[in-house]
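The two complexes that follow have chain A in common; it is paired with chain B in the first and with chain C in the second.
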Partner chain A sequence: MNGLKNPRVIGTLVVLLLLALTPVVFGNENYIMRVVTVGLCSAIAVYGMNIILGFTGQLSLAQGGFFGIGAYAVGLLTTDYDWSFWSAFAAAVVGTAVIGYLSGLIALRTKDEYFAIFTMAIGFIIYLTISRWESVTHAHSGVNNVKFPEGGGILDFSTPTAMFYLVFVVLLVTVYITFAIRRSSVGRTLLTIRTSEDLADAIGVSVGMSKQLAFAASAVLGGVGGAFYATVVGFIGPDAASVDKTFEFLMFILVGGMGTVAGPLVGSMIVTYLFEFFQDFQAYRFIVLGPIIIALVIFAPRGIVGYLGGFVDKRNRKKRVEAARSEANSKSSAPHDTTDASASTHAERTK
Partner chain B sequence: MMLLEIHGLGKRFGGLDAVKDVDLDVEAGQITAVIGPNGAGKSTLFNLVHGFYRPTSGTVTFNGRNITQSSPHSTVADGIARTFQTTHLFDDTTLLENVLAGRIVRSKSNVFDAIFHTPRHRRETKINHDTALEALEFCGVSEYRNDLASNVPQEVQKRTAVAMALATEPELILLDEPAGGIPEEETTDFGNLIRSLPKRGVSVLLVEHKMSMIMDLADKILVLDHGQKLAIGTPEEIQSNPDVIRAYLGSAKDEEN
Partner chain C sequence: MTLFIQQLFNGFALGGVYCLAAIGLTLVFGVLRIPNLAHGSLYMLGAYVTYFFLTTVGVPYVAAIGIAALVLFCLGILLERLVFRPLQNSPHTHHMIAAIGAMFFFQAVAQAIWGADFRRMETPISGSLHILGAEISAQRIVIIVTAVVVLALLTWFIKRSIHGQTIEATEQDRTGAALVGINPSMVAMLTLGLSALLVTIAAGLVAPINLLSPTMGDSLNLKVFAIIILGGLGSLPGAIVGSFVLAIAETMTSTYISSAVGEVIAFVVLVAVLAIKPTGLFSKAVQR
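Presenting the complex of A and B:
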């Protein structure tokens, strides 16, 4: 396959490989391992946001809420109800799929900024439910001692390294699914909706249903990220579902690059690192981070990965355009000559 | 049998009849044109046939099926494609990607096929690619296939819009002012493209302002005025119809002078 010659694929693989080596370097530093693993959980949720925002072009601000639902499904079921992690995880996936689909039915009747506000309201409702429904969620006391995933007697996920690799594998699956979607007619469907809903409609795309499924899929990935977040940190509070979480994810995807395969991962890792680096500043870290984000949005609106990918695309396209031209010239079939001539003079005129 | 039958079709916007009581039969293998002054309801008629608007009265039948209440994505699936008056393309992607988007409606593989790379997915990917290239070639723009849609001349864009519509494998194509914005001297080439569509098994329903082009191309012409039928017939009949000359050709001449 020519995929391995593609700089985009190589870049993604290098990032993944570097990440896979993290435990080799920091294996004994529990704090660092935990920060990186939490970053991976966020990255999974950000991949969810990538489907609805990056591919489909709908700014959903409910992602923090779905993250919280995933976290609390695992947190409550494994403690108060003594389920195993994996059955609680399955419940988290099904739960976020159903809630995502149902809220999408209403939310997707709105468009653009109204959709953003509406989904933010959904996120708020989820947060308020979790932080106020004390008899079920323990409100601000949170949930303690969330179970580790069971390894079936073969693997022990209580060590930071094993936990890291578990989340890493889930992330790999997420990245691959994103890659597969991007390449297929499913991805093309979502991208046409992002560019123009009217035109998508005109070429036979069922816009409503596609948006619906994309929204549900993004909710599920939010839930998966949250479910692993709960087991990685062991203790969760209502903050896991807060709207701040949504904007954190939004920052990750803006920095990394919307609609790209590697963007959410790169963004999550870099911003997580910056958060840690400026940790001493506490709440004031946004004074430093804010301008960085603003500069990025101005100078590289498609994020780091989008920015780098732009160069690759340009070079590749130039090559392919030239190849297509020379092929056409060598054919130089007579009936097309008139069209070619008129079109090329036209092209010069527009230059 | 008629390919498309329109009976008593009407659309009211508030108190205004944009289209009222229009009858039109489109025969398979023919080029049918709709003309009329600005605001005569030509584009509205297209939107009604394609499902963007729901008619307030009348019926639309395609291949014997009632499609009056169909939404656009099912009309496209049934075999009616369209292009827009102002050229609509996905600007930030290549022409090939644009035409591939026209294949979505004929693709059956889903997310799971893509994830597991099933034989169906591979087969479909190849068919879609071949069909898209063929459509670009047919419209004479295959050499631009890797150019961004925003970087090519207007005429190439117009041709690509036709290619994108053809990629949906239609039996009928609705062209809304396909030659609009193309310099007069290049319309002959574009007319040849439209004329070659019926030979491909694609019938044409066309709205156009360039009279010489219409008279040259169309087998049958419907003249609309204020949303209603003024006349219908062959180009010769239309050209000699006194009502038409007064309402459309005459007034157009007045404007020119």
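Presenting the complex of A and C:
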């Protein structure tokens, strides 16, 4: 993994660079800027999902709920209680961390299908609370005029471009965190849990604690995404917390690629584009998108980034095999060298 | 007291509906090891197909439910063959995601055909009975009776008939079942078909009480999942007990506390039970 020579790193950087240039091209088209920025907010929440699903292999369906908590924390505190955006944002982060940690305490007693359905129930409880607790959340009338983030007199975040860059920077931080986790021992611990929980347990990984932290981290990122979603859109309703939102995130992560660094971002952007493309068909878009989701899980379960990553792996493998072969040939045909090369090919394949 | 008895009957009727829906779901989990998230949308389609045969084609109510059940039986088989079969060796997350795709697809199709507006289904069963001073609508009595009859038939089917026994055998041990000559793929298709059939009967029965809409399956989907998790995934007695417990809890809390609490009680019970016993009330040793 030597830095910039790794095609994966280059790919991620290219995607980020292209995205950073969006305002240069579409700077004057407010609608497009807003759609892209909302896509970025979702991407942040999807990165949260990626930590628990992609790294530990547990499907959490509460992400929409945490997104909603973040959105409502900012929405309600900046309007009804007149807090500044940043203090409300801090409250959203702390709130989702606490709620995520507490629900994780119970949720993580279960695993696999039980965990998925249990977290779906948590998400639904959050949604019901938001849509029914009228005296606090205004239920279906929603929250209007959510404040823009304060720029401290230097920056003005009320323009779409500035807002875009703000969310973009937050996203960069999120991507970097994901990347850092993936590289660190924490990431390897989580991946071990995905491979086999019993094995991880046996070699001394504290499975419970790692999963607990992963779940809380994913909840916080969901909350961060929601918080920015509230300020970008300016109006939020209970839909922001619905189970459908979770399913939407799931589609983003699936299209992009689970457990990859660039996947959630690529997936969010592509599916957001598809949604916009089928905008005119409204609810009918799922007549097309439904089968696409199914086809994707069947034929390309690793998503776009995972698929491209497969090419990279294949090429590296080929290179190494060729290197081994040429080495074997240059050592002037000692018979055991060829067996070495084929053995290494075999080892690569079984990886 | 009258109100209590009335609500008790309403609870039993609701429990009957949940039960028919939950049993199919738990059977599918037992045999295929898949939490079929598209179950609620099969319920919705079942209601619409019944509606179609009852109003548009104009066959009698019972026949409409019967035909709809057969249509959904075939759809269930197709769903297994086209969606779940290709995924049988994938991680469980992939099944759930594919099922979500199917769910969105079914909802969009229903909306394309019947529109997003609520529809009312008229029923030939009218009137009400007086039991212990409470007035119980005949439709609810029909639901309770049908649920009991269907459950009895289903038990007979699984315990006595050869095809039903293959379901139970596969549920107990897939490899063992294959070794004695049972085709697990056929059993998987049969099970999904059966679950779609059962949920259609539930939908056909309850549709005259509730309204029809493309999203009508959503809340049922979540509740039925709460039920089978509560009872223990794959457990039939668990599904039956869970259905009635949650249904009665739901009707009682919505009567005596508020409808919002009634809606959320299923999930509160679920959280409470899983906090104490993470594998549900009637869990079996699940093979992986």
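Quick note on the criterion: the second predicted complex is superposed on the first by the 315 of 351 C-alpha atoms of A that agree within 3 Å, B and C clash if a C-alpha of one lies under 4 Å from a C-alpha of the other, contacts with A are read in each partner's own complex, and residues count from 1 in each chain.
Just so we're on the same page, contacts are C-beta pairs under 8 Å (C-beta built on N, C-alpha and C of every residue); 3 or more make two chains touch, one makes a residue touch a chain.
Computed from a predicted structure; not experimentally measured.
Trainee: Go through the superposed model and pick first if A:124 touches only chain B, second if only chain C, both, or neither.
Mentor: second
Trainee: State whether A:310 touches chain B only (first), chain C only (second), both chains, or neither.
Mentor: neither
Trainee: Report for A:151: first if it touches chain B alone, second if chain C alone, otherwise both or neither.
Mentor: neither
Trainee: Kindly classify A:195 by the partners it touches after superposition: chain B alone (first), chain C alone (second), both, or neither?
Mentor: A:195 sits against chain B, while chain C stays out of touch.
Trainee: What is the contact status of A:184 with respect to chain B (first) and chain C (second): first, second, both, or neither?
Mentor: First partner only.
Trainee: Considering only the touch criterion stated at the top, classify A:289 as touching first (chain B), second (chain C), both, or neither.
Mentor: The second partner, chain C, only.
Trainee: Using the touch definition up top, name the residues of chain C that touch chain A in the complex.
Mentor: Going through chain C, the ones touching chain A are 29, 33, 35, 83, 86-87, 90-94, 96-98, 100-109, 111-112, 116, 214, 218, 222, 225-226, 229, 233, 260, 263-264, 267-268, 270-271, 274-275, 278-280.
Trainee: Residue numbers of chain B touching chain A in their complex, please.
Mentor: Touching chain A: residues 50, 52, 72-73, 75-77, 81-82, 84, 88-94, 97, 100-105, 107, 109-111, 113-115, 117, 121, 124-125, 128, 140, 142-148, 152-156, 164-165, 168, 185-186, 189 of chain B.
Trainee: Could you pull out which chain A residues touch chain B in their complex?
Mentor: The touching residues are 176-177, 180-181, 183-189, 191-192, 195-196, 198-207, 317, 320-321, 323-325, 327-328, 336, 338-340, 342-343, 346-347, 349-350.
Trainee: Per the contact definition, I'd like the list of chain A residues that touch chain C in the complex.
Mentor: 53, 57, 59, 106, 109-110, 112-114, 116-118, 120-122, 124-125, 128-129, 132, 243, 247, 250-251, 254, 258, 283-287, 289-294, 297-298, 301
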